[in-house]
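Each of the next two complexes has subunit A plus one other chain: subunit B in the first, subunit C in the second.
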Partner chain A sequence: MSAARPSTPGIPGLLGNRIRIPQLVALGALVLFLAGAPSVVDSFTLSQILTKALWLGIAAASLIFLSSYGGMISLGQTGIYAVAGFTMANLVHAAGGKNLGWDPVAATAAGIAVGTAFGLLCGAIASRSYGIYFLMITLAISVIVFYFFAQVTTLSGYGGIRSVTPPGLIGNSVSDPLPLYYTALLASAAVYLGIRYLARAPFGLALQGIRDDPARMQALGFNVALHRALAFGVGAFVASIAGILSVWYTAQISPGGINVAQTINILVIAVIGGLYRLEGAWIGALVFATIDNYSRVWMPNVGVWLGPERFETVIGLIFLVIVLASPGGLVGIWDNVWAMRKRQLGPLVASGTSSAKAVNGDVDTPATVESRR
Partner chain B sequence: MLRTERSVRPRRLLAVAGLAVLALTACGGSTTTPTASDTIKIGILSDCQGDFGSFFNDDLGGALAVLAAHYGGHATGSLPKDGMTGAVIGGKKINIVGFGCSDSTANKAIEETKRLVEQLGADILIGPLSGDEGIAVANYAKTSQPNKTFLNGISGAQDATLKVQAPNFFRFNPDGAQWSAGLGSYAYNKLNWKTAAVIGDDYAFPYTSLAGFIAEFCAVGGNVTKRVWPPLGTTDYSSFIAQLPKNVDGLFVGVGGAGLVTFLKQYQQLNGKLNTAHIMGNTFWPDPQLLHSIGTPMVGAVAASGIAADDTSAQATAYKNELAIYPATQKDAASVFTLGYWSAMTALGLALTKVNGDISGNQKALQAALATTTVDGPYGPISLDSNRQAVFDNWIVQITAPPAGSSDPGIHTILRIPHVDQTFGGFFSPSTPAPSRTDPACTKKTPPPWVGNEVPANF
Partner chain C sequence: MVPRIMLGLVGAAVVVWIAYQGTQDSRLFWIVTLNGITLAALFFVVAAGFTLIFGLMRVVNMAHGSLFLLAGYIAFTLQGNWYGVSSNLLSGTPATITSWIVPLVIATVVIGIAGVLMQQVFLRWNQGQDLRQALITIAISVILADQMVAHFGGIAESIQQPAVWPDSVSLFGVRYGFFRLVVVVGAAVVIGALLFLVIKRTRFGMIIRAGVDDRAMVSTLGVNIQLVFAGAFFIGALLAGLAGVLGGTMIAVQPGNDSAFLLDSLIVVIIGGMGSLGGAAIGSLALGLVSSYADVYLRFGATDLTNYAILLTFILVVAMLAVRPLGLFGRPA
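The block that comes next holds the complex of A and B.
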């Protein structure tokens, strides 16, 4: 359908495709804005909203990667990022845990390696399952990880690990939130570009093929289970990055932060943003962090039914509205609005391609993904 | 149909950029203004969810009632959570910037502390409620906010003061072990227990609470043969009850909050009526809310608490009268939760008055004043040791049949345990292992200083 648009001047993009001028302007504005955010917003917003949205976004991106390219909706991402976070927290100087005194950078690498390895193991277990069974296996992974760290007091216990030493580069993120913000921003950009690159590489193309028709891919000679397990490992690598950032963000990690509620939060973020759009991860995380933080300030008191302490009810309601109004999440809403505009500009659509088709081809609703199986 | 990845489209980028800008514009308006010199901002952190969520209004009420009673505060609603305005201490207006709503996890407590301190700009924080939350907040105070002042709410893990030693974290309530002081000796000498089993939730507060019992019971010659740790939030205790040995003289129960109601119900289903000569409880047992929920099966049982509920002295009466602004909180006056938050705000009021509301100079004058403040508590004075941890009198109480006109059991105070300090006269120190599933070990040694010096109470 892009071929139907009147040609605008373009330049070769990072990934080989051509980027048009408006696109370049939007990209530039976004980069400029995110890089300049620290001088626009106060340090609380920078740390509690933006940095939080960035690391939550990475966690959600690992889920969206698996769901949109692999057709695997995983509830195990929280468990996996917890393994990475706890590994790192146990290795460095901290109050609680093993307190082994490793260099934080080495511990970070070890944390990501252990998290990814754990993800590959989980992927090997879950890769032959589909649909609700896959969901249950991955949920079980998160629950097992929660109870493991809550029960094994030498590694954590209920109170978790506190005062975790970050690398010198990050420093004290309360007194100076800038380094952590930029680290999270760079990590987010790397994750975004990395996943988009992978999606175009043979590995990603085969993964999308497996998502659409595993039987045919099997017949073509692909090892479907292995491919899915490896994809799960990639998702685990991304989730592990989020796990490390989450520990730096709060300087501590405890089972209370990786429980089933957090597992659901990550799913909620992905769905709010749009479960089939990578950008949706960060948009969902930004909306979630904002609502989570400000809903109590905005919330009016309505008798005993509504008040600041019922903020979680409101998060639930907003979630419900978004899911009902647009199965494609916030990005889906944007897509629909854009498509409506496009219908009004009918001549821009090539003959033979109805605008409705263009929209359907563009927005993967759960129904369209299901129908591909 | 094989679907390949399409190119990045401008509209998607526009969407991302647009949303980011919108959200930031929304957030940007909330920039915290620096504290006006005539205002002191206070945040109060407690639990409104989880096992201790039901104590939320008692906690807030205990703290706010002090402002109403002594500093001209006006309640802006019938419940403590509705807030309070108009209080003035040392010539400074007191602005209650918000209430933190945690769920007994360290994670949530830190999130809420950050919201109160960093977003709402609280100069002083009162809270939190639960053990692991307290350790986390003390660490945060020490490493992230050395220029703000933190007064513990009612969290009672030993580490929060003994190990963390944050110079700006003050705890005017006892830790869990101090609340158990006197019980080990009572069990061994009065109830004639020679062996005991203990059961408690698997986290820092019960570790500390049971450590107090174990240290003293073993010091005087008793032996603890089994320690059972169900996770906090357990809803079915049957498998844990089954692990408790039958061949011991007594059972010390440190299960807390909502879990205690379930635990005692299941314990009776499996073992019959409670034999109160062979079971005793920690500071949760005499709590008014739990006496109301559990009722008569507990009658006869002995427990220890920082509260002598049947004390009718002028001090105790004055304390209850102070809470009159919130009738529901006043009904729970004899709860350690109410008393803990009341003690913190009382100490803060005294110290702020002493420094004329001066919180300049990174609050160092206020912190120095707090360190030497003694709260004239309803059941005895509460002072701080060199580690900013409360030294107080503990009470051994017995649960009695409901008094006339009430369906809830009453309290009869038996003994006063004088001058209980955090170290138990040398049992616990910064270098001893933190109380845990296995620590302290059960060893016979010189008992804590109060053993043999208990004072019979006569209320």
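The block that comes next holds the complex of A and C.
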């Protein structure tokens, strides 16, 4: 299989082992910063960077969930979130599409349900494929969803659906970005904690077993294909949330926003953050949104090769460097630095955060211990 | 067993429906069929390179579509800059055979060399890590796509075919584009035959076939497997480049074609099985015919479903995976 695949993505704290003081402080600072961000940064930064990073992070989290716990690198997440977003946008009042005038909350629920159902269908198709085959089949899913919405004019067409009505709670996210920011923040927290919880539940443990050795899990009586299809459904549920948020964020959805470039962007975010650690999703998304915004301002012109309009080249180069240098992404670099420091401090301190060592498979994280019981 | 029988029934119904439509309007039928076959020929040239690289090295070259598009742009630029050929009927000179062939050869060879460079610099040292290699080639395709927009702009261009060639030929009572029917299909047949002969009859082909089965054993036997890999990558990229010039003459050179033809190659090899040349031929034919029939014949009385034609491609892939997860001629890695 692929590069560094840790035996478990052992993320410490929160649900499993004891939380230590520095972690508690860091967690508190993070919560305080995120909750208080609107009063610190201006509304442009809040909307263009933080809110964007939150919803992109959820989309990337659905990919990282599949890759870190299921060993499946999926390029289908964009297609799935597009299905959820387009379903919702067609059901509510909007310019273009079916314009059915449903209540936005009901339409949101329907969008997530349809996205999840579509994900389960795709999961059932792809669940017998592994590795690179899985990557290709899911890419095909995304591209076909793109062509579908581009060609079917009654549901979208190339222009897409504009002026999508958000729920009253969200309101107009341009004039008042606060409600959407907090919604995205709460959704991110729920997704993070939900996935962490699921990873420790019997289903998650079985999934990790399947990731490590499908044949053995089959022999133990687990239905491998079913578990992988269901996991894909869970990933689709998370991706659907991101799809709904993305529509609220821009008040529109069009095939141009769900094309191959966007499919790759979600993958790039996940890889920059770290394919094997859930936190990486939001870290990668933050880096992505920041570069997206500022490279269009300060990037100097180097012939036609580089310039303010060459954002894709910049992000592609960063992506290339990360893949070549650190398959674990930014979180992987952090883990390596952390592990090196601990080695210098001596073995006594070397418990707790362990993912970097788990890459070498020499540390029992709570998850592996549990799964052996 | 049940899915196979159902698929067989559905397939039979489709054939009957198309045959019925064919008797209604045989002219349209032949045009649609020729559209499908000429598309399939182009798909085959692209996918053959893709599947060759995968079959031997287990590298999924996600930059294959970018190489395809880059070749088109190189040939288009050369045709314009060296020979002053342009699509503008008033000011441009029409293309001659030389001013079509020379850009074709140069673009194809340049792309072949670019492929080898890519393999040597980025892929050689992480042999066997197939997902990481796929990610690397994705990164390269992102950069290439953006750079091509920067250098060649976002407008659809097209490479001019030699003016001495006829515009169309007659076949089955219909007049059909000469370039599509004779040049593209001819190129696909020649390439298919050449690849088949090289792989089945030559020493190089023998080494490739052995390498597909057991890389370690081949290199233990004293074959310089790295040289073979570089050669295979050269040929694979070369085919992408050739297809890029053919496609650029037949359809257009435009941004977005890179991912479109990457997807087509993916679907072709998912249907035919990764690494199999015969599979690529059958897969291209299936994809080409299905997409061109669906564009026209997905109309039942007043219900026009041709907008949903793309879904048929999806159904084709799904049906194939349901029956044979590794494609028609695929073998487990």
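The rule we apply is simple: the second predicted complex is superposed on the first by the 329 of 373 C-alpha atoms of A that agree within 3 Å, B and C clash if a C-alpha of one lies under 4 Å from a C-alpha of the other, contacts with A are read in each partner's own complex, and residues count from 1 in each chain.
One rule holds in what follows: a residue touches a chain if its C-beta (ideal position, glycine included) is under 8 Å from a C-beta of that chain, and two chains touch if they have at least 3 such contacts.
Since we're looking at a predicted model, the values are computed, not measured.
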Which superposed partner A:180 touches (first subunit B, second subunit C, both, neither): neither
Subunit B versus subunit C as contact partner of A:153, first or second or both or neither: both
Touched partner set for A:283, first subunit B, second subunit C, both or neither: first
Subunit B versus subunit C as contact partner of A:267, first or second or both or neither: second
Touched partner set for A:23, first subunit B, second subunit C, both or neither: first
Dominant toucher of subunit A (residue count), subunit B or subunit C: B
Overlap of subunit C and subunit B interfaces on subunit A (superposed complexes): 2, 147, 151, 153, 259, 307, 309
Of subunit A, residues touching subunit C in the complex: 1-3, 73, 125-126, 128-129, 131-133, 135-137, 139-141, 143-144, 147-148, 151-154, 259-261, 264, 267-268, 271, 304-305, 307, 309-313, 315-317, 319-320, 323-324, 327
Residue ranges of subunit B in contact with subunit A within the complex: 1-17, 19-21, 23-24, 26-28, 30-32, 48, 56, 81-82, 98, 101, 103-108, 110-111, 114-115, 118-119, 131-132, 135-136, 139-140, 143-145, 157, 163-164, 202-204, 231-232, 436-437
Complex contacts: residues of subunit C adjacent to subunit A: 58, 60, 122, 126, 129-132, 134-136, 138-143, 145-147, 150-151, 259, 263, 266-267, 269-270, 274, 307-311, 313-314, 317-318, 321-322, 325-326
Parts of subunit A lying in touch with subunit B, wherever the complex brings them together: 2, 13, 17-20, 22-23, 26-27, 29-30, 33-34, 37, 40-45, 47-50, 69, 95, 147, 150-151, 153, 157-160, 162-163, 172, 174-175, 196, 199-200, 204-205, 208-209, 212-213, 250-257, 259, 277, 279, 282-283, 286-287, 290, 293-294, 296-297, 301, 307-309, 330-331, 334-335, 338, 372
